[in-house]
Amino acid sequence: MIQIKQLTKTFKNSKGLDNINATVESGEMVALIGSSGSGKSTLMRHICGLMCCDTDSGGQIEVLNRIMQRDGRLSKNARKVRTEVGVIFQQFNLVDRLSVMTNVLMGTLGRVPTWRSVSNLFPPSERRLGMESLARVGMAGKAWQRASTLSGGQQQRVAIARALTQRAKVLLADEPIASLDPESSRIVMDILAQIHREDKITVVVSLHQVEYAIRYCPRTIALRQGRVVYDGPSTALTPSFLKEIYGSETEELFSPAVDNAMRQQPGRNQNQPAPAPAAA
Amino acid sequence: MIQIKQLTKTFKNSKGLDNINATVESGEMVALIGSSGSGKSTLMRHICGLMCCDTDSGGQIEVLNRIMQRDGRLSKNARKVRTEVGVIFQQFNLVDRLSVMTNVLMGTLGRVPTWRSVSNLFPPSERRLGMESLARVGMAGKAWQRASTLSGGQQQRVAIARALTQRAKVLLADEPIASLDPESSRIVMDILAQIHREDKITVVVSLHQVEYAIRYCPRTIALRQGRVVYDGPSTALTPSFLKEIYGSETEELFSPAVDNAMRQQPGRNQNQPAPAPAAA
Amino acid sequence: EMKEINFGIISTEASMNLKTIWQPFLSDMEKATGLKINAFFASDYAGIIEGMRFNKVQVAWYGNKSAMEAVDRADGQIFAQTVPADGEAGYYSHLIVHKDSPLNSLEDVLKNAASLSFGNGDPNSTSGFLVPSYYVFAVNKVDPKKIFKNVVSANHETNALSVANKQVDVATNNSENLARLNVTHPDKRGLIKVVWTSPLIPSDPLVWRKDLPEATKAKLKNFLMTYGTTGKESEVAVLKALGWAPFKESNNDQLLPIRQLELFKKRVKVEGDTAISAEEKTKTLAEIDAKLDAIKAKI
Amino acid sequence: MTAQNTILVDNRPPRSVQSSLTKLTGWAIVMAILAWSWGGADMRPMDLIKDSGNMATLAGDFFPPNFSEWRLYLDEIIVTFHLAVWGTFLAVICAVPFGILSSENIAPWWIYQPVRRVMDACRAINEVVFAMLFVVSVGLGPFAGVLALWVHTTGVLAKLFSEAVEAIDPQPVEGIRATGATVIEEVIFGVIPQVLPLWISYSLYRFESNVRSATVLGIVGAGGIGVVLWEMIRGFYFAQTCAIMILIIISVTAIDLVSQRLRKLFV
Amino acid sequence: MTAQNTILVDNRPPRSVQSSLTKLTGWAIVMAILAWSWGGADMRPMDLIKDSGNMATLAGDFFPPNFSEWRLYLDEIIVTFHLAVWGTFLAVICAVPFGILSSENIAPWWIYQPVRRVMDACRAINEVVFAMLFVVSVGLGPFAGVLALWVHTTGVLAKLFSEAVEAIDPQPVEGIRATGATVIEEVIFGVIPQVLPLWISYSLYRFESNVRSATVLGIVGAGGIGVVLWEMIRGFYFAQTCAIMILIIISVTAIDLVSQRLRKLFV
């Protein structure tokens, strides 16, 4: 499904990703964990072709057996491949001034002809699909509201609905619960798990807290400073094991850091209390 | 110290405050509780003279035995009275583009001649006082940073330092912990309690959670729809008692509402977990 | 045969181009010729002349200088001339000073030039620049830029007011402008004293495109030449509002004196130009002199 | 992780010396430019005071305004308005693609650089010069004025529009790109909704300016109130000039108020 | 309290009818205005195509540009620059108090209304008209141009400045008011830091426009490259005109690039 080979990405001063090799099979649900700055978002952005790896590094990403990028260049049919990959971004990436429905219909851009989309003449079948997707995430009632008037949790669910409307075979979710309270987090993770189960969609979800990974994903890939430091069953991730591979950063992965709110990142509020252990 | 008589404030559609009568004695530390929209902020703004009550309603507020407003008109010496009242706002109300130090020095505007302040020639004694105030809240190290680069909890502490620099006799704190995580909340409340204790300052603090009121304030005033529904010792505030006077809204006051984050108030994040019972 | 005529009207030194004053005249013209007249008013001649060059304007009202440009660049041909209401054949260029000034004649001005500030006219103005630079300066073999304490240049209105306000000591102006000032601001006019008057400058010409159909030309000419002469009260009134008596026939020769001045100006410039080689200079001067001689012969 | 609850006393942390040096240099440069320009601009502040009497007399001539021909003025102002409407409208239509094509974050450099330079040229050349050019192809009259305003305003708006585009939040655009959208779809759904309020605000602002600029076009015969205004000034009819100026002020103010309302609707 | 985890199926919730009606009306009004203006603006799009050959011929006269007198042009451009520097500088100085006084959220209505009207008047009247008036009182030359730019630009900037002030966040200002500060202190510490980047950006933008406007002031003899430009146009020296225009384009572009850099520093 997703094949990542020798992926290396160098930023100005630092290595964002360092020789990543990984394969995700069809129908898997994989968690991507790692502390802040470990490269989770960077990896996601490479998989969906929004970022290119270092040129001539031999790095390559295949999605659904079609090449997305190779050697730091996007493949010709990257746009086509992208239509098969749904992405839920850390900051939702909705268009604030458009209605929730229009945002969700963006998921159909890959298959609706440009003239239809541009003149806002989406086919009725697609509109119905959009509404159904919204209904699945419990947001049908807000379909005609502006995206900017929604709370964080609601925006996250609209982003999921957009990915659903895209009828993607692969879903990449980048810290979908980072800015949500525990209850909303549970709802969002349940929806992802449900999609995975019912629609047989391959899901890769990056998370900050190991508890959620253990609860929802059979397999976990752990990153540290751009390198894969663990790839295996989530159940093996005991605190002591994590401490071994992570050192002092473990603490952050397990208990939400109190001083997160104190970091100089206004507008980003990551303090989650310990997640509710019981699922819905 | 603060005398509020027959205070009524009518907004376009609704009564913001409805015949409030209350007196706070010198050296008290009073909590103001009430659910969202009950009028806590509105009352605070009246006390510090940023809002005027209905005209010819007979409403009057005296602070330190001097009239702040009467019958909906600010008194002539409102500006003088304001210099005695330090206010900590729900949204901090710092000037983003100025340095932390300059923000703190704003506290001296009431006593420094205008020509000095305008030409940025604050007397050295005042500068020393500002630095001391910053040190008291543990922010001396950030004195020359821009206020916009601070996290929420740090901004809140700068706002407290400003009030300290003002050498006010009365301190009004409007939900100083509403947007903070539990650890930061504890720190801020401890600082307020310490100021109250050491500097003999009268403190009125509005809070969302009764637990904090019980822990830090001997006396609590509870508002509901702009009316005082309770005024007495905080210890009497048992859940059952609150239910009696509040009805179904009690729940919100006690357990942080999960769906707060889901309310359509982006940028305002009110989910606090149960506060840590142990103080520093 | 044409059905429509685009008629360009610019403000000249001698006349204004206010739509309201022109309207009755234009409607009479429409009635008499059976042509639809589209009038266009502009403050500057560049647009109208370029329009005429590309046949966007067929007939136009010009000042002398602009008529010259129209004839040279835009296939224009002068066919009529206005006659001022007082019956004079044209107007005059003046040098003006403040009423209280001790200067009373051109000699006074030239003698005291070193201590005077001079308000010259717009370089494109006939009466404000061209005429004085020939008759006042070139004839006396002096350069205004050198003899005066300082020189500024502006339009007539500004110059008149500057003299009245004592901002400049001497300035150029013309009789039409001073007459207008006398109507609108007699007090200001009272502060101004004329110390020099030029020879007559021919009054404004009417120009048409050479390639206009003969029938149309005939209609237009017939209308203009008879207007105000048939004894109709209304026509006389219309002309009076425009400040005119009935029109007079004219042709390109009207421009000869102006051309002479223009060439003379050019000659002075070439003479003083240090950037070109001596050889080229003599060649250009010879060309100019030949042209000047040709004009002299015609006059 | 460390809760900064401890009381630090740290009396004067190193103030950023570099930033205050930069500031000082900046001010020094500004002062130098001002001083250098003093001579060139021929500044004679004393004259202003000395001759303020003149100005008062001149201003006195303007009053009372003479409105006797207000119908003519009004007609011409309406033509001016029409001229500005079409000039602005056409410019807005063209400024949208040109603005997008001259945005760094949308177009590659080999597109945005040439487009920007063309727009610079449109902006740098005065409306009146353009009016002259158009007079020869469409003849005299308001239409030439419309075209002149069009070209000049396109240059101005394209720049303002592209500045708005360059300031957008890239995240929603990436969100749309990730669904496999084409570039046009990215622009229409990701960029335009974000910049629309600002674009509308700029267009209305330019419309007001164009009503004012249109008064100059009269000089080359491109119609509007400008011609009348110039004639009045030329002929020393200051009372009439004053009346015209008052009418212009009233209409520009009216347009201003209306467009302010409109702007608030969109932003 | 209710976690919306349930799956609602609600196929088509009532779309906001009112807002689409408002939109429709808005469009209808725009269309009506455009249609009404069509006649007044004398729109003849076909003429543009038919006679575009004329334009090509005329444009042909402009090439090749004749730079033989470039030294003179350059000198005059520098004077123009000086003129714009001082005109803008004085305007910025005045626009600060006037801008603040015409802000709804700072001044009471009996101050901001009259101040706004005065600023409207300054803005509504063209620079050239002001230049005419100042020429009479301070004499010809660049100084009259400086004064004209000053008055007009003050009107423009005061408006832009007050718009920025009206958009500020009121909370920091209340924070300062609550300490017992005077109104002046509120403005200096609460308002100005918030609007400063925008003000600087507007001032630089206006400076660029003023360099362009200064070229028009030449029409009435108020100094700078404009005087030469008009002389050339009136004399039909198109090759020289073209050279001047190229120099203007280059210098405006250069100023543009520099001020863009500066703007980025501040915003």
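Letters A, B, C, D and E name the chains as they come in the text, with residue numbers starting at 1 for each one.
Methods note: contacts are C-beta pairs under 8 Å (C-beta built on N, C-alpha and C of every residue); 3 or more make two chains touch, one makes a residue touch a chain.
Keep in mind that what you see is a predicted model, and the values were worked out from it rather than measured.
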Subunit B to subunit C, fewest steps along touching chains: 2
Longest centre-to-centre distance from subunit B, chain (CA-based): C
Pair of chains whose C-beta contact count is the highest in the structure: D-E
Chain centre separation in whole Å, for subunit C relative to subunit A (CA means): 80
Whole-Å gap separating subunit D and subunit E, where each centre is the average of the chain's CA atoms: 4
Where subunit B and subunit D are represented by their mean Cα positions, the distance between them in whole Å: 45
Computed distance of Cα centres, subunit B from subunit A, in Å: 40
Junction residues of subunit B - those touching two or more other chains: 183, 258-259, 262
Multi-chain contact sites of subunit C, meaning residues that touch two or more partners: 44, 46, 50, 54, 56, 155, 161, 165, 167
Shared-contact residues (touching 2 or more other chains) in subunit E: 3-4, 51, 54, 57-58, 132, 136-139, 141, 233
Complex interface listing, subunit B residues touching subunit E: 48, 50, 79-87, 89, 91-98, 102, 106-110, 114, 117-118, 159, 162, 166, 251, 257-259, 262
Touching residues on subunit E, where the partner in the complex is subunit D: 33-34, 36-44, 47-48, 51-55, 57-59, 78-79, 81-83, 85-87, 89, 117, 120-121, 123-126, 128-129, 132-134, 136-139, 141-143, 145-147, 212, 215-216, 219, 223, 233, 241, 245, 248-249, 252-253, 256
Subunit E contact footprint on subunit C (complex, rising order): 44-46, 49-50, 54, 56, 69, 73, 119, 122-124, 152-155, 158, 161-162, 165, 167-168, 275
Touching residues (chain side subunit C, partner subunit D) in the complex: 6, 8, 10-11, 16-20, 38, 40-44, 46-48, 50-51, 53-54, 56-57, 155, 157, 161, 165, 167, 180-181, 184-185, 188
Touching residues on subunit E, where the partner in the complex is subunit B: 1-4, 171-172, 174-182, 184-185, 188-190, 193-194, 196-197
